[in-house]
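For reference, the structures are reproduced in the following blocks.
Same chain, two partners: subunit A is paired with subunit B first, then with subunit C.
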Partner chain A sequence: MSEMWINMGPQHPMTHGLWNLRVHIDGEIILDVDPEMGYLHRGIEKISEDRHYNEVITLMDRTCYVAGLAWEHLYIMAAEDALHIEVPERALWIRTLNDEFQRIASHIMWFAAFVQDIGLMSPFLYGMRDRDLVLDLFQSFTGGRLTYEYNRAGGVRNDLPLGFTDRARKVCDWLLPRFNEYDALCLGSDIFHRRCDGLGVLSAQDCVDYGVTGPMLRSAGVRRDLRKDRPYASYDKVDFDVAMANTADVTGRYLVRMEELRQSVRIVRQCLDWLDRHPGPVMADRLPRWLGAPYAPVGREGYLLKRNYPTGVGFSSVEEPHGEAQAYVVNTGGEHPYRVKFRSPVFANLGAAKKYMIGYRVADIPPIMGSVDICVGEVDR
Partner chain B sequence: MLAEELRAHLAPKLGEGLLGVEPFERMAGRVRFQRASALALFREIHDGLGYTHLSMVGGIDWVDHREVFYVAWSDPRKEYVLLSTDVPADDPHVESAASIWPAANWHEREAFELVGVIFDHHPDLRRLLTPEGYEFHPLLRSFKLHEPEELEVKKRNV
Partner chain C sequence: MAATLLSVSTDISGFILRGIASVLPQPVSGWLSASWTITGLGVLIFCAILLGASMINTIMLIWFERKLLGRFMDRRGAMHVGYAGLLQNFADGLKLFRKNTYRPREADNLGFYAGPTAYMVTSMILFAILPVSTGWSGGVLPLSLLLALAIFSFAPLFIFISAWSSNNKYSLMGGMRSAAQMIAYEVPILLAVVAVVMISGSFDLNIIVQEQQNYWFWGPLFLALIVFVVGMIAEMERIPFDLPEAEAELVEGWNTEYGGMLFAFFMLADYVRALVGSILVVLLFLGGWTLPTYLPAGLTSFPLAGIFWFMLKTYAVFAIFVWVRASLPRVRTDQLLRVGWMRMIPLSLLAILVTALVIVVRCLPVFGCIPTIGG
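Take a look at the complex of A and B:
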């Protein structure tokens, strides 16, 4: 058989975004892969250096367009760390709630796209229908369905509207039985098992060596979840289990994400109960004026006078739907961050592509790449 | 693990290669080292202390020099450590960590293209996010998005 390189992408149904997978094949067998990224590189880290701290939040929604609130949370924690700002407790709980709803929306989006890759059409429509309910909730308090711009240094922009918790509970009640439906559609289907079982195996050792995180790591049997290991926001006060599997293949990643959906609903319910009982401020009251906090518009002199800026380095990491994301913010005492660096979990997961692709067949590429849950926006930044 | 313990563990093994260990919020500490002893430090951090998971590699341009930083995670200890070294701007070379943490491969490619740090003995140091043949390192301070004077004028006219 003759060997050759083929391009899967940048416009290929498998890629879910703009990127190119160069595959070296011998007949049907994959000999080598080389992901080519950068089609969506917008220089978010560079633009951030030129913006005020709160203005970077707008970019965070665009960094990962399926998990905007999780990325806002990531950045804002690092920025608050660098600026030495304390956040009221209610804002922390709202952020926890957002993170989990965002995880539900992101995982359902993944599910919908993934099952379509392996040839099941109807779960896609069910998935998009259910994700819309979560987006409706986001719209009710942020005004946006995809790009929210809801977090601010010092808290969140506004409190939840009246009646929100009841509506959110109804959505939770609707979603839980739907997850069982998803399982029945996928795990009950012979097509699913024939296309997914034993594919894309990445052992626990390789996961650790290549910095793989998130559902891919947990499906290999490594119990690592930042929400448990290094709790941020209110995760130390909620009760949940870490979803695990030990097959390390595509089916294992599916099982982990499905279990995470159920655990997220569990966390959301605890957050809603807490928020019902504890009204309070959602924004720190003593913020530097130059920060451009809501309700306190920055005056012209706020931009021009440079005095009393605190300096510091902020670091934060969150368990984003795709894995472990990190932010590193250097504040040298100006209105703009000196340097902002983000660690994208999908970037690292894709970096290990050679390890879980080589040796499989060309037709296996869509399920394997689908199981990685690629969001090109955060890989390229 | 505290910064003091880190220092006590690393100092005898690295000698002058270790410039200092500072406490760093939310981490075990910030280890500053000389680039000549990079590999010895990485090996000690990875094998000796068990920080087996490399999370990110990044670069900062401080105009007169560049800083390369590494964040590593230890599963048993459940904490991060920050390693950082300075390289001169006219000779931005540092040893690649890819032989110790394979994860460093892509992170170093990114730091190379964005901040212009060259990682010696890297298995495949190509550009990753920017196009092939692209001449700039966009995250250097000399790469301006726009002239600062224009901004000043705009603000005053508001």
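Take a look at the complex of A and C:
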């Protein structure tokens, strides 16, 4: 068989979304790869300029459809920064809780898709089963299972329902032993190590050069986690370890994500304890009325005229399940943001594909791409 | 002489033809009641019974796998069509039957249609060879084991033909992988079978089973059994050796371009091969339809007891294949071939050596002595 280009995508079981990986192969060896993104471009940044600040949140859920709350958090932090809004402490803790539950849901989703890529069938369904429990929790306080629309400029839409913390603790108790089961099914299998060890190696220097972040960066031995390095919400008040590995390969990324799952459960438990002990408001009481927040209580400054409201620029960065996401919101004093810009971590992680794909085999493409944890919605936005 | 499936079929055909002949005028009734007419229709009835039984078994095997896989995955499997989803696969088959058969414009006409058909037909022929119980076979074939394995190894040829003629890169790669894999694992399978032939002294599956009346071969030939089962999983292209249709990278492997009934042919033939593989394991290593004579005689005296025990063992073996599928990831092509050539073949040679030793020793402490029926 001579050299040829094959298209893995946009309709291909490997892609987990709508994108295309063009692969130049010689027999089974990969000579070159060319990731093509843009099939799922919906112009979210442009649409955002035409919406009220709180209406953009709906788009954020669709940006990354497996980590909606993390992206809501990212945007709303930048928007609050631009609008000069102070958020009550309890809302910050709820957002931290959401982030970590979202990380659990997203990582389990990644696990399910990844093991499916290397041919493990049962853990896929185990993963989906356990992720459903987290989605049930989300449903109990946001009403949604995938698109939540829960954050608001100034806090969160509503407080947690009665008995939520106990239910959440039960879910945590259920999840921890399941992670050990996942490990037994994957790390306990010799075939898994044969498939994944030393595969898709991306050195720490290359990670930094290409702007690769998240579990891929930490698996290369670089200790960078925004939750520790630039704490937002209440991450400076919770106790956790940064998951690390130093093999820089697929197994390393697996180990990092599995450890992050356990650390997330640890953070969630601390958040639940704090939320139990500190009732209080979850919404800022001094919000401009024109913000168009129908659920927001209107305070003394609610009558502040638009032309008198201070302008500003907001920036935020969040350690999203896939990596470091950043948002930039420009407020020029209207009802809509003047400009919204996002940095997608997966876009950068995919961009380095040439570095970690060339030289491996066709059969290695699904595990390597699976270990990147692609969410096409946020790549194309 | 005990009634065999063939004699029963001949009786049925004789009954039918003589009945028809009795009401017809002379020259026609003479033709109808002639012995060659009765034998001819008898063979046709025999084939029809065999085909029906094997197809129903194959479809039930798919149901069995879906239910078992469902349980392994903490779900229920098919539930809605028929009791516990028993008719689900018939419904799926009917749906595929109704679908339009689509051929890509650039695909080769002959190969595209002939490949799946030949694959299906050669797989089905195997059922005519394999004995199911005493008398339930196509007849005495002194080399039936060899014939079965020979037909079993046709598959890579037809898979490669259909893959190549689909004019699709994924199909081509899947076909190449399939051919390489099947050829690599033919060798250890045949060597493992040599061990069985050495100890039973015959290529006739009936005699191999009779030999195992009190002396199942799985114990003394444990190495050969392992080689045979692993090789069979590779031949059936099931996880962990399902690289030819590894859906993560090759879409659907060599049958990417096939839809409708042609896809059903592939699917059905795959399960036929899975059934045949399980049957071969039972025949060669697990005593076929026999039970050891020290068990109570009531276990084997009820009608069709042989077929009952045979099917029970077959489905148990297949359950192990399903278990493997539910719990192992897929290996890579080069790893698979390396295991095939560099591990399986030495292991099967070792199995032959062990068999030779067993034959020399004749009696093992736990498993007893080799019987002397065949050779």
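Note that in this section the second predicted complex is superposed on the first by the 368 of 381 C-alpha atoms of A that agree within 3 Å, B and C clash if a C-alpha of one lies under 4 Å from a C-alpha of the other, contacts with A are read in each partner's own complex, and residues count from 1 in each chain.
The definition used in the following text is that a residue touches a chain if its C-beta (ideal position, glycine included) is under 8 Å from a C-beta of that chain, and two chains touch if they have at least 3 such contacts.
Every value quoted in this text rests on a predicted model; they were computed, and no experiment measured them.
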item: First (subunit B), second (subunit C), both or neither touched by A:326; value: first
item: Partner chain(s) touched by A:373 [first = subunit B, second = subunit C, both, neither]; value: neither
item: Which of subunit B and subunit C A:41 touches, first, second, both or neither; value: first
item: Partner chain in contact with A:194 - subunit B first, subunit C second, else both or neither; value: second
item: Partner subunit C, residues of subunit A touching it in the complex; value: 1, 4, 6, 8, 12-14, 28, 115-122, 124-126, 129, 185-186, 189, 191-192, 194-195, 361-366
item: In the complex with subunit A, residue positions of subunit C that touch it; value: 69, 72-75, 169-170, 172-173, 176, 239-240, 242-243, 246-251, 325-335
item: Residue ranges of subunit B touching subunit A (in the complex, touch as defined); value: 24-27, 52-56, 58, 60-61, 69, 71, 75, 78-80, 82, 101-103, 105-107, 110, 114, 127-131, 138-139, 143, 145, 155, 158
item: For the subunit A and subunit B complex, residues of the former touching the latter; value: 37-38, 41, 43, 45-47, 50, 81, 208-211, 222, 224, 229-230, 300, 303-304, 313, 315-317, 324, 326, 328, 330, 338-339, 341, 343, 347-348, 350-352, 380-381
